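Chain lettering (A, B, C and D) follows the sequence in which the chains are written, and residue indices restart at 1 in each chain.
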Amino acid sequence: MAEELRFPTGLGTSDADSISLLGQDLAADLMGKVGFGELAFWLVAGRRPNPGEVRLFEAVLVALADHGFTPTAIAARLTYLSAPDSLQGALAAGLLGGGSRFLGVTEDCGRFLADVLAAADSDDYDSLALRAVQEARAAKRFVPGLGHPVHKEQDPRTPVLIAIATEEGLYGPHLRLFEAIGRVHPQVLHRTLPLNGAGVCGAALADLGLPVDLLRGFALLARAAGLLGQIAEERRRPIAGDIYLTVDRNAVYEP
Amino acid sequence: MAEELRFPTGLGTSDADSISLLGQDLAADLMGKVGFGELAFWLVAGRRPNPGEVRLFEAVLVALADHGFTPTAIAARLTYLSAPDSLQGALAAGLLGGGSRFLGVTEDCGRFLADVLAAADSDDYDSLALRAVQEARAAKRFVPGLGHPVHKEQDPRTPVLIAIATEEGLYGPHLRLFEAIGRVHPQVLHRTLPLNGAGVCGAALADLGLPVDLLRGFALLARAAGLLGQIAEERRRPIAGDIYLTVDRNAVYEP
Amino acid sequence: MAEELRFPTGLGTSDADSISLLGQDLAADLMGKVGFGELAFWLVAGRRPNPGEVRLFEAVLVALADHGFTPTAIAARLTYLSAPDSLQGALAAGLLGGGSRFLGVTEDCGRFLADVLAAADSDDYDSLALRAVQEARAAKRFVPGLGHPVHKEQDPRTPVLIAIATEEGLYGPHLRLFEAIGRVHPQVLHRTLPLNGAGVCGAALADLGLPVDLLRGFALLARAAGLLGQIAEERRRPIAGDIYLTVDRNAVYEP
Amino acid sequence: MAEELRFPTGLGTSDADSISLLGQDLAADLMGKVGFGELAFWLVAGRRPNPGEVRLFEAVLVALADHGFTPTAIAARLTYLSAPDSLQGALAAGLLGGGSRFLGVTEDCGRFLADVLAAADSDDYDSLALRAVQEARAAKRFVPGLGHPVHKEQDPRTPVLIAIATEEGLYGPHLRLFEAIGRVHPQVLHRTLPLNGAGVCGAALADLGLPVDLLRGFALLARAAGLLGQIAEERRRPIAGDIYLTVDRNAVYEP
């Protein structure tokens, strides 16, 4: 074939003596010197975060890592029960539940806020928020990040993440707009909903300058750690067999 | 149904006001105070690592995060090309390549070393290593962690990870045995192979007391960050379409 | 717990002596008497198809099973290269590319046609088609099922599937509307595009009364067979290693 | 680059006017003329099966398609609950449970029988079976295909599949050996276990000449149809939310 093939990348490469990652020498400059969360940020954003950014970013990952027996955690445990030889399959099965309904809120909220800000003609966050909630309501759409099935008054993660962002000088327009939504939505919806943790994480990630189309990816990375914890616990103290039997024994056949 | 259902867990739970994770208050005690790698260790091991353990553990994750255009990275990019609406699918597809041949070395090496140590009747690591390599050879099995297709002399990650383990007081029996294998194998195999990075990571994880059956899980967690980097780069500077066309245009039909 | 658990299903159940599936005795009534495609239809639709429906349905599955080196086929082969111990992982990785861009056309086309028909106030298919194409154009949306990168004049599957549907008395409103789109779209788009095979399959599945939200599922089932073929060929005559090396050797590092 | 790229395949290709699959014209020769099961066999085996082979093969697929609320079916439903926008993810999650413990029996049994036959020095199936069971017992290994948690006396699929194989002239050495194991194992194990359906399917697939390393693939293909049925039922009559709540409400937090 005549054409020349070129597959450019700025991530990793290696030769006989060295491994490069993100333009750094992996062994000499990164291992032992860069944290894992820091590296994950750098890999996606293409720039090294500063310590305050790392702290906020890792707080988001910690907030999203595990929430007990979510459908994705149960799916991972059941898959591990069926195919214990393939840990990667159990992890993948758990991550595949990271779609629109559960893990998607982080990305949906970040994108919603970014879209409002992109079209904004003022920096009066309360008016921007009011209009955005009114428009969502008129279109019969949910406002992502509002409401939680368990934390009906307040999601404990929300004020903590806002405090960390503020301490680190990273309280930016997405978080401001998100808090404004928290203040103004009762005027439109006629009830008061909490700003949920998945939503505040999306706002914080967007304020960190991470691409809104990939915010779900960070929720998935966080969840990967949580799912490993679930699988490790399943190995020590299995419950997937009991879950399966609970369903199977209470099956009612109605052809 | 009469029986009482009980699904015990020590990971996460929540009520209206608080979220607990690993017996801690997620918002008050973990967010902003615990790093992401630290949490991942804690989730799997069931105990909080000390700062030296975190440093070694994160060095392992950093070492394993990305290696350029591996088959798994290419698979993730091709899946993202085909189904850009489902980031979780692209990530899962990439992780599913984390099996015996590529990412499995970390786990295989940790288990190999642990098995030798479990059967050991002495603490003379060179004799243990010699016998282990002889037995592997007699059984026509590879010694996991020996050799690398690119780093034919030395894998640059190996001495760095050993140095970090030593600095942090975590240079334990698995790493000792691994280094002994590096010293003695030429007597048996009649050639000198490098101790590879995946292998030294497995030895270090085992010295950290992490369960050897789950070591592949840490390679997968590390790779999840690398795959997000690959997908983010694919979004900015796509190459999956070119890879597909390179294969398709050079297909030779031989029914 | 006081509540009674009930998990109803009309699919499968079994006791010590028999296995029921879809209200039939699996061993006595189904094995050797019902084809696999027939069973797949029955499982999803909840009703047994007649022989003509089976023929059209299986023609769709045959049409969609394999298309050579698609991105999904390559992803499955690369995953098999990396983790040959986990065939299910390679198959799953290939299916995960069955999203919006490639396999999604079948479902998108079926849904597009169903939506137009649901809102139709006449049975003049050409007018319905004209308005639908005009509205899609005004909204800057593609009309699913129109155009093909390789078959620029005609997709050979399209007339064959329409002929089979006609022979079996199954040429219904979705196929009629799809053909009408083929006739009228040049008036609006000012060029003539072929009706593609994925689209005609979606129209035929919708005329078979299958739920439009699940049409992608049949494309995935068909592709599962194709991917097994790809993996079987990869086992006999491997190329994934060459694909990987082609990419890796032509990587250009631009950090 | 100087080297010429060549990626050979005997499966599919296409040009502007035609699509080829397995050396046939897809539209003219396959669609409407070849069944889906027949095509799946052809794709993997590389040869077209005769009608008797198709009947036996499809009977196997029908036998393996669905077994009610298996762990894999539950995992697929939970994933569909979490990410209803990604049908491919729910299907993939279900297939990922197709590993060693559940779906693997088909492949394990086929391979076990093939290994015994490859080393056989006689065609006295009862002696071969006796020695194989004795050796498995001595090595503390299970004999794949023996025993079933529900069908403790007889798996109803076993005699039916053997009858179909016999009718079609396909009762070959793997099925003969499998039946011999059924006769002789009580002498060694001192109890009588049934020959299970997954095992007889493996024996039949092996007698069909399909590669034993890929037998799991047919179980996965069959299960893909069953999982689509589960997902379709979940859409009509959801239970995944109740399964999740059953687990979550009965979680006992023991940090």
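What to note about this one:
Criterion: contacts are C-beta pairs under 8 Å (C-beta built on N, C-alpha and C of every residue); 3 or more make two chains touch, one makes a residue touch a chain.
The structure presented is a predicted model; accordingly, all values stated were derived computationally and were not measured.
Because chain B and chain C carry the same sequence, their contact can be compared by residue number, and over half of the numbers here are used by both.
Annotation: 22 Å between the Cα-based centres of chain A and chain B.
Between the CA-based centres of chain B and chain C the separation comes to 37 Å, rounded to the whole angstrom.
Note: centroid distance chain A to chain C, computed from Cα atoms, is 31 Å. Residue positions of chain D touching 2 or more other chains: 1, 5, 7-10, 13, 68-69, 83, 85-86, 88-89, 92-93, 96-99, 103, 243, 246-247, 250-251.
If you sketch which chains touch which, every chain touches every other chain without exception.
Within the complex formed with chain A, the residues of chain C that make contact are 5-10, 13, 20, 22-23, 83, 85-86, 88-89, 92, 96, 246-247, 250-255. Those residues of chain D that touch chain A in the complex are listed here as 1, 4-5, 68-72, 74-75, 78-79, 81-86, 89-90, 92-93, 96-104, 240, 243-244, 246-248, 251. Those residues of chain D lying in contact with chain C across their complex are 1, 5, 7-19, 21, 25-28, 30-32, 34-37, 39-40, 43-46, 55-56, 58-59, 61-63, 65-69, 86-89, 91-93, 95-99, 103, 150-154, 156-157, 159-161, 163-164, 197, 211, 213-214, 216-218, 220-222, 224-226, 228-233, 235-237, 239, 242-243, 246, 249-250.
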